[in-house]
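Each of the next two complexes has subunit A plus one more chain, namely subunit B in the first and subunit C in the second.
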Partner chain A sequence: MSEKKRETPLLDELEKGPWPSFVKELKKEAARPMVQDLLGQLERSYEEKVGHWKHGGLVGVMGYGGGVIGRYSDLGEEFPACAEFHTMRINQPAGWFYTSTALRTIADIWDRHGSGVTNMHGSTGDIILLGTKTQELEPTFAELTEHGFDLGGSGSDMRTPSACVGPARCEWACYDTLGAVYDFTMQFQDELHRPAFPYKYKLKFAGCPNDCVASVARSDMSFIGTWRDEIQVDQEQVKAYAASGAIDVQKDVCDRCPTRCMSWDGKTLAIDDVNCVKCMHCINAMPRALAPGNDRGAAILIGAKAPIVGGALLSSVFVPFIKMEPPYEEIKELIGRIWDIWSEHGKNRERVGEFIQRIGLGNFLEQIGLDPVPEMIVAPRANPYIFYQDDVFAQPGEEA
Partner chain B sequence: MSAVTVDQVAEAMFQLVKETHGKKSLKATDLTKAMAEKFGSECTKDVCKLAIRQLMDSGRCIYSYFGGSYITLPPETP
Partner chain C sequence: MSSAPRKTDIGPPHFEQFLPPVIKKNYGKWKGHEIIKPGVMVHVAASGDKLFTVRAATPRLLSIATLRLFADLADKYSGGHLRFTSRNNVEFLLSDPANVDPLIAELAREGYGVGGIGPAISNIVHTQGWVHCHSAASDASGVVKSVMDELYPYFAGTRTLPGKLRVAFACCLNMCGAVHCSDIAILGVHTHPPKINDKDVPKMCEIPSVVASCPTGAVRPATVDGASSVEVIQEQCMYCGNCFTVCPAMKMADAERDGISIWVGGKVSNARSEPKFSKLAVPFLPNNPPRWPEVVAAVSNLVTVYAAHARKFERMGEWIERIGWPQFFKLTGIPFTKYHIDDFRHAGETFRRSTHVRQSKEAET
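Take a look at the complex of A and B:
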């Protein structure tokens, strides 16, 4: 334990200004030796411009391969209270809804067994409990499970699936994101707790193309709510927007439609729905006048990742439209086929998006038994050296 | 009904982890592939999953993380 309060002139800089400061928050807890040493080590890292954490190793709870990230200080002698500073990831409730009792329960458990420092929430969506010792892992886990919480994913497993608040609070939800995230989490408990993949696999459920869970950038498999009929238009409300002067329907809505499929004559808003790419812009701009259509489901996208090994990837369309209805058998079978081929042939630490790039989308689709569709094309081919058989592209009137 | 039992597969997996301990790190897929070779097509992926679960729940094996998740022996195993 540290004997005296450490000076942290560099960290103190991060307390200046009007914005929230994690340093300020940590200092409120600096009476705890673990937090005081954490601040001390962090100051050293700022001085030296070197991180002092090593991560990985053998830590975990009995039976699980995910949910605990072993973290050790390489300055353990100098900062003994945070020599072991493991992270626990706790599976968040669907849509991040808590009762105040649930939050107090988690906080009390962490006060007893860990540093008291949390991160609500991690990029995957979990409740992150930051900093505990190896000997405290099992008691923490026991108390959490007693209150109905479970660990989330880490390592080469299915990471904790997450969902936007969806129909619980949002009128744009095109399917029950909360129901789906719960169902898939329960279905794939084995894949969540017992890592068996080449690398992580994230599932995220967004109720509409606004994608409030950033699934397009952050998940190996995104389920983004969409519709395949016409946008619902209340013409009276469109006129009311126009009359209010708060919005210029032509300039702010029609001219910003990415496919220019809308027109406004001052009385009626017309939408050529066949050319609508469901970007949500017009609906977000005039929420009282427009709404997604009634034939709702989701598009499945695949392959996003944040940059760690080989640069960032955004996900691309895989299944343009599917009804999102329990028990989601067709989707679960598709996921199973993807995991089989990727587990069999993926390299260590190769995300599924990288794997598809390496073996080629055509080969991947063939292996998982999915037919190619035009929506999968990310950009037109630039390579002119492609030869087609004439009969594939017969002219009108000619025999194919 | 599967001719090979979860117990048999778990035991064979354990022996493989023990033999390779300190020499080669094995992932769940390595064990699954090795079992398919040893027991043939009746040793399905689901049987292997259950066998791994048994090894973990019993504490005979644990997971380690070194840039990937591996299956290994607990530190105190001789």
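Take a look at the complex of A and C:
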């Protein structure tokens, strides 16, 4: 076992400057041979401008197919203490809330079993415990579950769902994002821990159209809070904003409304709510004066992903509005139908968004049993290459 | 081994046990919030209760020593309550406003400055890079550290911006950092086809899966020295690395020819305009550790030009759409090249299909 202190002149450069330094973080744990060798290997990458981690490696805990990312160094002989450097993904508490006790529990477990290095948090939302050996995986898992924590997702499974801070601290939350993310995570534990899909499937819960968890870009299924009735207006507070000079109600609010559905005569802010598209701008600009309406729920969008394989996609409207109330039976059934069809017909490594592009949204809706509605599109098709089916011959009111 | 039955599928701990009392009491009953000063906001509930949030920067990669430090600070100042944000900041949740300044002072002493709320630059969402990833075309933490050292005044609130500015970093096209909808996206890129290790292909890879993995059909089965392997049609390869993901014998990393591209104008929020993808600004910059000066200069230039020209609330992409891309390239001084013109699927959708052009003499040349 190497115990040698590694020289890191290039990395040392990154200890300087006002932004918190990841090199300082690594050095706080540098008494551990694993981190000492990690620093050594990373310095080598900085010298050579190339990474030194090998591809994958099948490791995990008993009975689970996901949650652990195997990682081996390609310089294992030179840096033996980090030759094995596996990641464990731990399902974060909803909204990333902790007590000091919970945080210390995680730190203590990782002190005993791993590198002492973490990410708070990974891109999908998990607590990332960065770097341990195969033999430590089961003992770490046992201690984690003993303290109420469990692994998150990896591979072709439902990935760890995540949510914005929601009603815990945000006046704009249109549904209980934290309650929902906990409920769906518990409902789908098997799908989270045992990969059985064509590829990954992500759920993200955003409380309002500001979408602080980037669900529209990053989740196969985005639950974005919205409302159906009128924006709540406190006219006195609107006047106070205008009087304070902080906001020019005409220029900063009315003129920035995407549908121009607001007008301001210096005394009253009038909103044509029928034409409001719930974009949040006016509410963001004057939070003390405006609030989402009271008939709240969520829009469900489907199919976002990063570029690999066939190009990046944003998710698109699937259910324009649904009440988000436990036990969410209707939504869970919908998810079940999507997973059934996608699992049966999806290609290996084909996300649901790409699957829909391949078979057509219209056909997908038919398979799922959802009616097409114009809220799903920006405009109807412009191309006349229509795959007609016999139902076009049906008379109004007649079964096709 | 203990004799206790092995627990599985217990899921995450229920969040409610971690919420501070003021949140439990006012859950779903918040009335409004205000940014008091850089990195500090107050939320007011219908009951009149107040919650003070102090947001501090982290490098995302955190030692357990720092987790314990945050736990100690939370015990001292926020009743033991804290959370992390979707952009990897740490937030202390205080009931007593008298604790705000002492907490900020202690955080500053430990090297974790506060800021990143409102029209500011928040933490850079990023990936693992050379610290832990097998497919990285660049390091992540080092680029983020270098860029944020430069942009720090926009985080700390000593310099302000017209609107929110979200920066993200991903070290390859897999985009674990989902950078594709950010105001500024910094993206590690490979620029050459994979190097095939013919000896390892039959041992490590399933050839049909490798062939199927290629989005452009550039990978084909081949026989090399009498053994099964694959070949890559070089001119059809766009260096996405998907074949490498399914086959370790198709190595992408290339010390001299990997680098960084920069993309602009994406957003995920629905505020004002619809969510949009980031678009290419700078096709390639070299990997130049430890400080990536070319990348830092390019990002800094984008921020400075945006700050000088955008209107209040306008995001990077909204500003560019208002002034037009020709003006964007002119103001930023970034050369427009053939690489900026899309040539993948549906590329034509980004061609200008009108004569709506702000004509100028310079455009003639």
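Basically, the second predicted complex is superposed on the first by the 371 of 400 C-alpha atoms of A that agree within 3 Å, B and C clash if a C-alpha of one lies under 4 Å from a C-alpha of the other, contacts with A are read in each partner's own complex, and residues count from 1 in each chain.
Note that in this section contacts are C-beta pairs under 8 Å (C-beta built on N, C-alpha and C of every residue); 3 or more make two chains touch, one makes a residue touch a chain.
Here the structure is a predicted model, which is why all the values come from computation and not from measurement.
Enquirer: Look at A:R349 in the shared chain and tell me whether it touches subunit B only, subunit C only, both, or neither; answer first, second, both or neither.
Expert: both
Enquirer: Just checking: does A:V249 make contact with subunit B only, subunit C only, both, or neither of them? Give me first, second, both or neither.
Expert: Neither: A:V249 stays clear of subunit B and subunit C.
Enquirer: Once the shared chain is lined up, is A:G155 touching subunit B (first), subunit C (second), both, or neither of them?
Expert: In the superposed model, A:G155 contacts subunit B only, not subunit C.
Enquirer: Applying the document's definition of touch, where does A:V319 land relative to subunit B and subunit C: first, second, both, or neither?
Expert: neither
Enquirer: I'd like to know which partner A:G63 touches here: subunit B for first, subunit C for second, both or neither.
Expert: Touch status of A:G63: both partners.
Enquirer: Which chain, subunit B or subunit C, ends up touching more residues of subunit A in the combined arrangement?
Expert: Counting contacted residues of subunit A, the larger count belongs to C.
Enquirer: Go through the superposed model and pick first if A:M88 touches only subunit B, second if only subunit C, both, or neither.
Expert: Touch partners of A:M88: none, neither subunit B nor subunit C.
Enquirer: So in the superposed three-chain picture, is A:P167 touching just subunit B, just subunit C, both, or none of them (first/second/both/neither)?
Expert: second
Enquirer: Return first, second, both or neither, reflecting whether A:I341 touches subunit B, subunit C, both chains, or no partner chain.
Expert: A:I341: touches no partner chain.
Enquirer: Have a look at where A:S100 lands relative to subunit B and subunit C in the superposition and call it first, second, both or neither.
Expert: second
Enquirer: Can you pull the subunit A residues that subunit B and subunit C both touch?
Expert: Overlap of subunit B and subunit C footprints on subunit A: residues 55-56, 62-64, 190, 348-349.
Enquirer: With touch defined as at the start, can you tell me which subunit A residues reach subunit B in the complex?
Expert: Listed in rising order, the residues are 55-58, 60, 62-66, 69-70, 154-157, 190, 194-199, 340, 343-344, 348-349.
Enquirer: Of all residues in subunit B, which touch subunit A in the complex?
Expert: Those residues of subunit B that touch subunit A are 27-29, 32, 45, 49, 52-53, 56-57, 59, 62-69, 71-72, 74-75.
Enquirer: State the interface residues of subunit A toward subunit C in the complex, per the touch definition above.
Expert: 10-11, 13-14, 16-26, 28-29, 38, 42, 45-46, 48-56, 62-64, 71, 85, 87, 91-104, 106-108, 110-111, 116-123, 125, 130-131, 142, 145-146, 148-150, 162, 164-165, 167-171, 173, 176, 178, 182, 185-186, 189-190, 193, 209-218, 224, 252, 256-258, 277-281, 284-285, 287-288, 306-312, 314, 347-349
Enquirer: For subunit C, which residues count as touching subunit A in their complex?
Expert: So the residues of subunit C touching subunit A come out as 2, 4, 6-15, 17-19, 23, 27-28, 30-34, 43, 51, 53, 57-68, 70-72, 74-75, 80-86, 88, 90, 93, 111-113, 125, 127-136, 139, 141-142, 144-146, 148-149, 152, 155-156, 170, 173-178, 180-181, 209, 212-213, 215, 240-242, 244-246, 248, 253-256, 258, 266, 268-273, 275, 277, 287, 289-291, 312-313, 344-345.
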